[in-house]
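First up is the structure itself, then whatever we jot down about it.
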C-alpha cells in the first residue's frame, strides 16, 4: 500500500473513533502498518481532531523510530509498535478510552462473551492484562504496555479475538487494517456496554456455550461464512 | 396486499428500527407476510441501510425458498418463516439487538411486567427461550431458533404478548404488520430499559397485579378500548 | 385567564414535555385550569404531538364533563380533575412516563432527597402512592388514581412538594400553571436519575439533613428567596 | 489581564459548561480572577445562558463585595471568593450539578482513581467534604461551603487535584483560568461516570497503583511532560 493512501486511511480511522463517540477529549489513537515497507503511520499526540491532516500523521519504523513527520507521535506509539512486531497479521490498531470498555479495564475484569453480538466479532472473552508492576511502569512504560498485552493474548489467535483490556487503563483493538481496527473498537464498546447491563440484571450470568459461539463467529468469518452479500476474506 | 406495497412497508419498518436506535451495525431485520399469496418479504443480509431500496428486499415462500430477488436474504430468514407458519395472526416480524432487551436475553431473564407502560403493550412478562442445545445450534440453527421461540410462547396469545427474548441472543417482536412489529420492538426496548432501572433500584421489585395489568392492556386493546381517538381493531 | 390563552399555554406545556424527552410514544399529558371559570383544558388522547393544535385541546368542567371539543380527552382526565378539586393552589398538571421517575414508581420506592438539586425544587422526598386495590382498579380507575395520589400527599403542602409517584405507573407533577408543571416534571426526572445513581454508588446513602433542605428550598422559594434576579411570588 | 478580556473568558467558560452537558437548568456557574487587580468576575444568578452577555457578568473584590454590575451575582459567589483567597494559584472556578459527579457527592463517597483517564487530570482521589453542620448551613452558608472545601483539600496540592465534591451538593473544579476550570469540570464528570461503571462491574475494584498514577499525571504535567506537542507550563 502506498504510504499516501495509508496516511488517509489512518486519518479516517482516527476520525471514525471520534464520530463513534469512543474518544474522550484526545484520549484515542489509531495507526496502520505498511508491512512490505516496515512502516507505521500513527496519529500525532494531542492534536485537535478537527484540524488534523494526512501530513500531520507521523511515520516510524517498526521499532518506533521516526522516519517522517515533524510532530511528536502519539505517546502510545511504542505500544502499537510492539503489537505490530508480535502479531504479523495485524494491519491496524486502535486505542480508545471508550467508557464501558474502560470501566471493565478499571474493574479488572475480562469481558465474558454473553451473547451472539459479542460472538459475531470476538471469538471468546476479551482478555485482561495483568496489573503492571512498578518496575514495568517506571521503565519503558509504553513498550511494557505492549509486553503485558502480548502476554495476555498468549495462546489466543489475535485475529479471532482482536481486542484486549489493559488493566486500569483501557482497550486496544486491532484488525486487518486501521478501518477494521476502528470498527472492532466500536463493537468492543457495544459488547462491553451490553455485558455491563447483563451482569447488572443477573450477577451470575453465564457465558455463551462454545457451540453457539462458534456458530455465530463462523457465520461471519472464515471459509463457510454465510452472512452478508459475499464472503469476507481474512 | 400487493407485493410492491408490502416491499415498501417492510423497507420502512427496517429503517424505523434504525431511526429508533434499535439496530447496532447491521444487527437487525424486519419482514412482512402476504398471507393470501403465502409470500414473505424480508431484508437482504448485511446491506447498508442508507442504500437499501424496495427492490433489494428478498421475497420467499413460507418455507423460506427464494421466489424473487438476487441478494442473499437476512441470515435469520428461517426464524421468521417458522414464526409465520406457527402464528397465523402475525403479519410482520422485527428482530434487533437493541441493548436493554438484549441484556435481559443475555442475563437469561424474562422481563417482568413492572408497570403500566409495559402493560399497555404486552399482556404479561416477555418470555425467554430455553438455551439452545448443541444439537439445535449445530443443526438447522435459524429454523431451530424459531422452534425454541414457539416453545417459549406455548400457551400464550402471540398477539397479546408480541415479543420474546432468545437466550444469549436478543429479542424478536411481531405484530399485525411490519410497521406494528417495529413499534413493538421499540416499546419492548423501552420496557426492558425501565425494568432494568427498576431492579437496580429495588432488587425485589414486584410485578404488576393482574387486575391493573388487564385494565391497562384492555384500555388500548380489544372491544372496550377507550384510549386514543378510535378503537383499534385487532 | 382567557380560555384561548390557556389553550396555548397547555399546548406549549405538552410540547415541552416532549422536547425535554419526558414522553415515551404518546404516554404523557399536561393540563391547566381556569379557576374562575371552573374549566380544565387538557390534551386529547393519543393524538400525535406534531399535529396538535390549540383547538384540538378538550375543555371540561372540574368534574371532567366535556364543555368544548370534539376529540376524546386524555384517558387520565379524571385523575387531573380529582387533583384540581383537592389542591386549590394547583394551576397545571403534567403526567409522564419519564424513565427514571417511572422506574422509582415501578420499584415502589419514594425518591429520597439526596441533594440540593432535589431540595431546590421539592421540599422533601417524592411520595409514593399505595398500590391500588383490585376494587380501585376495576372501578373508576382514573378517578381512583386521583384518590390514591391525594392520600399519598396527605399532610404535605402540594406546592412545596409538587410531584408524586403512582406505584407501578409513573409520576404526576404540578405547579402554579401548566408551564411550571412541565418544569417540575422535568426536574423530578433529573432528581430521579441522580437518586438512582446515588443508590447505585452507595446503597446506604442518607437523605439530606433538614437544615440544608430548608436552606436550599428557601433560597429559591418564599419571602426570603435570594436566587435569581427577582423573587418568585408563589 | 484586562477586565474586558476576563469577562469574555468567564462568559465562554460558562457557555462551555452548558455545551458539555454539565449544567442542569441554571445549576452551574464559572468565575475567573484578576489577581493583580484583586477582582473576581462571576456569572449572574439565574439568567438564561442564551441571553448572557459579557456586560451581564458581575465584578467583585476578593471578599465578594460588588464592584461593577447591576445584576445579582451567582448565589455561590462567596464560595468562589473563599477558594480564591485560600488557593493563590487558582485562576478560575467552575461549579456544576453534573450528574455523575453529583451522584458521588450525594452518595458521600470520594471518587477513587480507578484508571489512567482519571490520573491524567487528577493526581489522586477526588476528595469529599464533610457534611455541613446545621450551624454552618444556618449561618453564612455559601462562605461556609468554601470553608468545608478548604478543609477537605487540606494537605493536597489544589493544582494537582483541581476538584472536590461537596457532600449532598455537587462538584467544584478549578484551574489556572476559567477555561481550564471548565475543562476540569468536564473531565471530572467523565472520571465520575467511569468510576460509577467500575464499581457497578466490580464492587471491590481497586484504585490505581501510585507508580502508574504518577507516570500518567507526570506524562501530561510538570517539567518532564511528554504528551501533546509542547509542554504545558503550570
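Order of writing sets the labels: A, B, C and D. Residues in every chain begin at 1.
The rule is simple: a contact is a pair of C-beta atoms (placed from the backbone, for glycine too) under 8 Å apart; a residue touches a chain by one contact, two chains touch by 3 or more.
This structure is a prediction, so every number in the text was calculated from the model and none was measured.
Asker: Using direct touches as single steps, what is the fewest number of steps from chain B over to chain D?
Answerer: 2
Asker: Please give the intersection of the contact partners of chain A with those of chain D.
Answerer: none
Asker: Could you report, rounded to a multiple of 5°, the rotation needed to superpose chain B's C-alpha atoms on chain C?
Answerer: That pair's rotation angle lands at 90 degrees.
Asker: Taking shared residue numbers divided by all residue numbers at the interface, is the value for chain C and chain D over half (same) or under half (different)?
Answerer: Both copies touch with mostly different residues.
Asker: Taking each chain's centre as the mean of its CA atoms, which one is most distant from chain B?
Answerer: That would be chain D.
Asker: Centroid from C-alpha atoms only, then distance chain A to chain B, rounded to Å. What do you get?
Answerer: Taking the average C-alpha coordinate of chain A and of chain B, the gap between them is 34 Å.
Asker: Based only on mean CA positions, could you tell me how far chain A sits from chain C in angstrom?
Answerer: That pair's centroid distance is 47 Å.
Asker: Out of chain C, which residues touch more than one other chain, so two or more?
Answerer: 199-200
Asker: Over in the complex, which chain C residues touch chain B? Could you list them?
Answerer: Touching chain B from chain C are residues 24-27, 44-47, 71-72, 75, 97, 99-100, 102-109, 131-132, 134, 137-138, 141, 168-170, 196, 199-200.
Asker: Which of the residues in chain B come into contact with chain C in the complex?
Answerer: 114-117, 120, 187, 190, 193-195, 197-202, 205-206, 208-209, 211-212, 215, 219, 226-229
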